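Per-chain numbering from 1; labels A, B, C, D, E, F, G and H assigned in written order.
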Amino acid sequence: MTSDPLVIAGRSFSSRLMIGTGKFPSSQSLRDAVEASGSEIITVALRRVDLSKGETDDIMSALDPKRHLILPNTSGARTADEAVRLAKLARAAGLEPWVKLELTPEPRYLLPDGLETLRAAEILVKEGFVVLPYIQADPILAKRLEEVGTATVMPLGAPIGSNRGVRTRDLIRIIIEQSNIPVVVDAGLGAPSHAAEAMEMGADAVLVNTALADAADHGAMAKAFAMATEAGRIAFRAGMGPERDAAEASSPLTGFLFDSK
Amino acid sequence: MTSDPLVIAGRSFSSRLMIGTGKFPSSQSLRDAVEASGSEIITVALRRVDLSKGETDDIMSALDPKRHLILPNTSGARTADEAVRLAKLARAAGLEPWVKLELTPEPRYLLPDGLETLRAAEILVKEGFVVLPYIQADPILAKRLEEVGTATVMPLGAPIGSNRGVRTRDLIRIIIEQSNIPVVVDAGLGAPSHAAEAMEMGADAVLVNTALADAADHGAMAKAFAMATEAGRIAFRAGMGPERDAAEASSPLTGFLFDSK
Amino acid sequence: MTSDPLVIAGRSFSSRLMIGTGKFPSSQSLRDAVEASGSEIITVALRRVDLSKGETDDIMSALDPKRHLILPNTSGARTADEAVRLAKLARAAGLEPWVKLELTPEPRYLLPDGLETLRAAEILVKEGFVVLPYIQADPILAKRLEEVGTATVMPLGAPIGSNRGVRTRDLIRIIIEQSNIPVVVDAGLGAPSHAAEAMEMGADAVLVNTALADAADHGAMAKAFAMATEAGRIAFRAGMGPERDAAEASSPLTGFLFDSK
Amino acid sequence: MTSDPLVIAGRSFSSRLMIGTGKFPSSQSLRDAVEASGSEIITVALRRVDLSKGETDDIMSALDPKRHLILPNTSGARTADEAVRLAKLARAAGLEPWVKLELTPEPRYLLPDGLETLRAAEILVKEGFVVLPYIQADPILAKRLEEVGTATVMPLGAPIGSNRGVRTRDLIRIIIEQSNIPVVVDAGLGAPSHAAEAMEMGADAVLVNTALADAADHGAMAKAFAMATEAGRIAFRAGMGPERDAAEASSPLTGFLFDSK
Amino acid sequence: MNVTVNGEKRSLDAGATVASLLAELDLKPEATVVQRNDDVLERTRYGEVELRDGDVLELVRFVGGG
Amino acid sequence: MNVTVNGEKRSLDAGATVASLLAELDLKPEATVVQRNDDVLERTRYGEVELRDGDVLELVRFVGGG
Amino acid sequence: MNVTVNGEKRSLDAGATVASLLAELDLKPEATVVQRNDDVLERTRYGEVELRDGDVLELVRFVGGG
Amino acid sequence: MNVTVNGEKRSLDAGATVASLLAELDLKPEATVVQRNDDVLERTRYGEVELRDGDVLELVRFVGGG
């Protein structure tokens, strides 16, 4: 698919599957997923060191800055101000000035706060960040973010980790129709068929994490999502047929034997 | 996936995507689809020559008996007797004794007639045919067919050519749970995500035709279905996570910055 | 709705909600449901007396033959022969020659066996019974039953007691379109909205049991189903609007204030 | 249902169906719908008189301030400021200080702008209005509005006039779970079954307009919605059974005849 | 004499009737359907009908069902 | 004198009142809301209120809406 | 002589073979299946098989189907 | 001297550096981001930077996240 790159903020990527690195049972299982996914954009979070634990696995050892754009998220932030500070800390720590803007004040469903997200996006764009905001499937908000200069919008299909699929399809469809920046469907994609559906609808990319971490075989599941994401993209470009109410014969309805004239 | 072959009647296939050859605009577009699909089981129909037309394209020229199991269907048959005669004619014409048993008396929705299908299946099995019956998603009928010795059951996802997807999922799930023979989801699959969903549910294979013929780029769509079918199978074997009502954080819910102790 | 009676086998009913009498925690709760439902067709089953228990509640005491057509089902029958014997026994016991033909060989999903059902229907029709067969949502079978003279067809929305709603809607729609006898959606209706949906699609009636027995307040739930069933029927006759992809303003899009010309 | 009133801003209503008055073909058809609906809260819009037309039907003649709370909407407003001016104009014109806050900057899908809506809500609440805001199904925004003191939230099921039903059910469910003020499902409800579903989920009320105006028989459709809305409410309070994966027999699974011991 | 009732063997005194059997089993005649050797008996005749050795009886009733 | 009515310029005779304007426009006073230079007028005063040169009027009414 | 081909009556010269019939109809032998009075003929014998008066022939081929 | 590390008070010997603190806490310098009084320190300078009484330090690292 190199003939059909994903372009974000002027940068080209051949993979349209982004993955998150949370909840993997081991560094090895994460490495397997990263490898099999072929992903080029991989998210990480920033957290305080737990002083009681001392040294632990270093997530970064599973990633290769040459092949992977390491995309820090602002998870944990409850306000625009906190999100901005996290983004700056990640940049200061040596990452590129890209950020997945994630502002989820409420812990049960972890739904993003549109107002704070918009506020933070304005600040971060001015500060020179490439901003990829995680949002609810709100077409009006998506437009506002595009206007303030975010690089993408990342509407959710369903709550984070719910594996429920593209439940917001009616609204995602509208966002895709109206957007001039890449639309990345994030959160809730629990099966390769969900990723394929999002791409068939015309999404530019998808982001998956929980479905990979949930799998018994992490590498295999990552491969499956990579294939399904590409399949959905190819189908979108190949031009899909319409849904029909009645049947349409796939075998000819004429020339039957046993008819005498 | 050669480590995970599809086995029908003792014969192994590495592809789990079967395709039909109807409604393609040209021999070339069919050749492109056959090639890109990687399919090893390909259906054809039998029809009277149209004497008024004289010579026309020969469908068989697009197929290679060495690489493809050419599976004749009994489309056009309205009774068990007609279906049996068509199967025998196909065999006499030099094809292997395999048949996609298709008995659709009603032209608007082309739904299969369970009674006639069961009757024909009993006869054909006795005659030594490998029988792959196209059926509605009826778990009781599926069991009956298994008992009379069909090689698979092929329940429909939606009416032929409707592109509506796996609308019968509740019943397909039961058929898969109860079946001891391969379950091939046939008819109605209009998008790669539909094929992936069927495979994720545990179907052994899928059959697609209209969605390929409908595409603007036939080869690309065939490739997309091949990838999605394999992706769905890999995901099924890799062990998928459960659907959840609430969110499950993909980033840690501890170690937030800005908290003082 | 007396201006719009349900007519089965030449007999008119003003209620389009049929109810079953199974699984109620007490005779009183059943009486409440019967009363509140306003149903005129009420199903019962035939079972051997449990000699170890001696006398128990008599279900019939909750029913009034003057107001209710008591409709015996053939539950428990696994073959056409057993179903016929049960129907005759019920008639001999003094009920009218009406029977809900129910043939469910498999206990996990209790799906009806189309072949045995058709066979039993032919016999019972010849014997002068008014036959209401419980079937899977198979339009071809529905036609066959109509041809042998059943008074209705009763396709399922989902497995008995599953409360899943009209999962078979694509096929129910076809059955309704093609049927010349009343279509009664039976089984799986777990909420008033499910009953309303079936009626809006053009079903002639619905049958509900588990959803009533499951309720905390049986009488209230029966009333709710009665209202929703009638609401769905009224809407079907009142002519519903089409589903639209985009919005259609309900307030005028002209005459806005603040515009100067 | 007078034992179960809908209470908004301390005022009780016995009907949980609100209706809009747009797009009716005649005053009479509107009168029929108003009458049959039994609604006590009825929305209207404010528009400039069309000077070229002169006198036209007066919508108010179909309404009775004694029986109906006439609820002006702010349709046409594109900013918080315009919405506030419309609300004040309606109040100055003699209506009670209640307003359906509706801010839809984009004409194709008419989706509400959350930011402007929140801004306008804060102002109107301070000005002493009872504010009923029309919003997308955004649980975070719903909480923000509750915090600024709106009397309800009115999340959409689908775009205005689309008749698509409760497509946002996953999010509506969350809003209902988290809300301390009445939740009114507004927009997109095209069938009585849609209204019933919303009420079964625990919504406090629904608002319908297009589905009534679309009907061939406006009065009958209004009656159908009224019945379905009440049915859904009754079912919600009566305690509904769970959805089940397998069947649960409604007839006993013991005491079958034909078994010998 | 010996009869079969709902699949169970049972011995009864000579002269037993359907009515006496139901009474012995503590069953209401008006709620019980009796099939004897494939014939369904009329309720009004339960008192008269004497059972014979080898009779096969099905005592059946209507119960709640969907 | 000149006034603006619903965004349109319009010239009226001196002494014109809201009531006379509505009559000229064939509009029912009881169904019409009149805003004059940001003040909404009470319906009872339509007869008294004389219009002045440069007045900006919005004549508004309630219509069907959802 | 007269034969029936795909349901149509047709008269042929004496001595006509399957091969000559196919040629006359401009049909490729290798793509055409021939059933004659319920027997399917082997392709290799098309040249030898002489048709007889009253023969009922079905000329069939494989076409695209799902 | 006393410093605050990740919200916890802590007393260190005079002359302690970031590097010595990390060593004491058994943390890899290359995996740890250090913010001191709102400035993020360059990793290369961990050895030189001496801590001062009252310093507020955030020791942060990248972890798995979605």
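Following the convention adopted for this analysis, a residue touches a chain if its C-beta (ideal position, glycine included) is under 8 Å from a C-beta of that chain, and two chains touch if they have at least 3 such contacts.
Small disclaimer: the values here were computed from a predicted structure and weren't measured.
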| item | value |
| --- | --- |
| Required minimum of steps from subunit D to subunit H, each step between chains that touch | 2 |
| Neighbouring chains common to subunit E and subunit F, by label | C, D |
| Gap in Å, rounded to a whole number, between the CA centres of subunit B and subunit A | 31 |
| Centre-to-centre distance between subunit D and subunit B (centres being mean Cα positions), rounded to whole Å | 45 |
| Separation of subunit F from subunit G, taking each centre as the mean of its C-alpha atoms, in whole Å | 92 |
| In subunit A, residues with contacts to at least two other chains | 20, 22-23, 45-49, 73, 75, 89, 109, 111, 159-161, 164, 209-210, 249-252, 255, 257 |
| Residues of subunit E touching at least two other chains | 7-8, 58, 60, 63-66 |
| Contact pairs between chains, per stated definition | A-B, A-D, A-G, A-H, B-C, B-G, B-H, C-D, C-E, C-F, D-E, D-F |
| Touching residues on subunit C, where the partner in the complex is subunit E | 20-24, 30, 43-49, 51, 54-55, 58-60, 70, 72-73, 75, 88-90, 92-94, 160-161, 187, 207, 209-210 |
| Subunit F - residues contacting subunit C, complex | 7-8, 58, 60, 63-66 |
| Contact set on subunit A toward subunit D in their complex | 105-106, 109, 111-115, 118, 136, 138-141, 143-144, 158-159, 164, 167-168, 170-171, 174 |
| Subunit E contact footprint on subunit D (complex, rising order) | 249-252, 255, 257, 259-261 |
| Footprint of subunit D on subunit C - complex, ascending | 20, 22-23, 45-50, 73, 75-76, 82, 85-86, 89, 102, 107-111, 159-164, 190-194, 196-197, 200, 209-211, 213-218, 220-221, 223-225, 227-228, 230-232, 234-235, 237-258 |
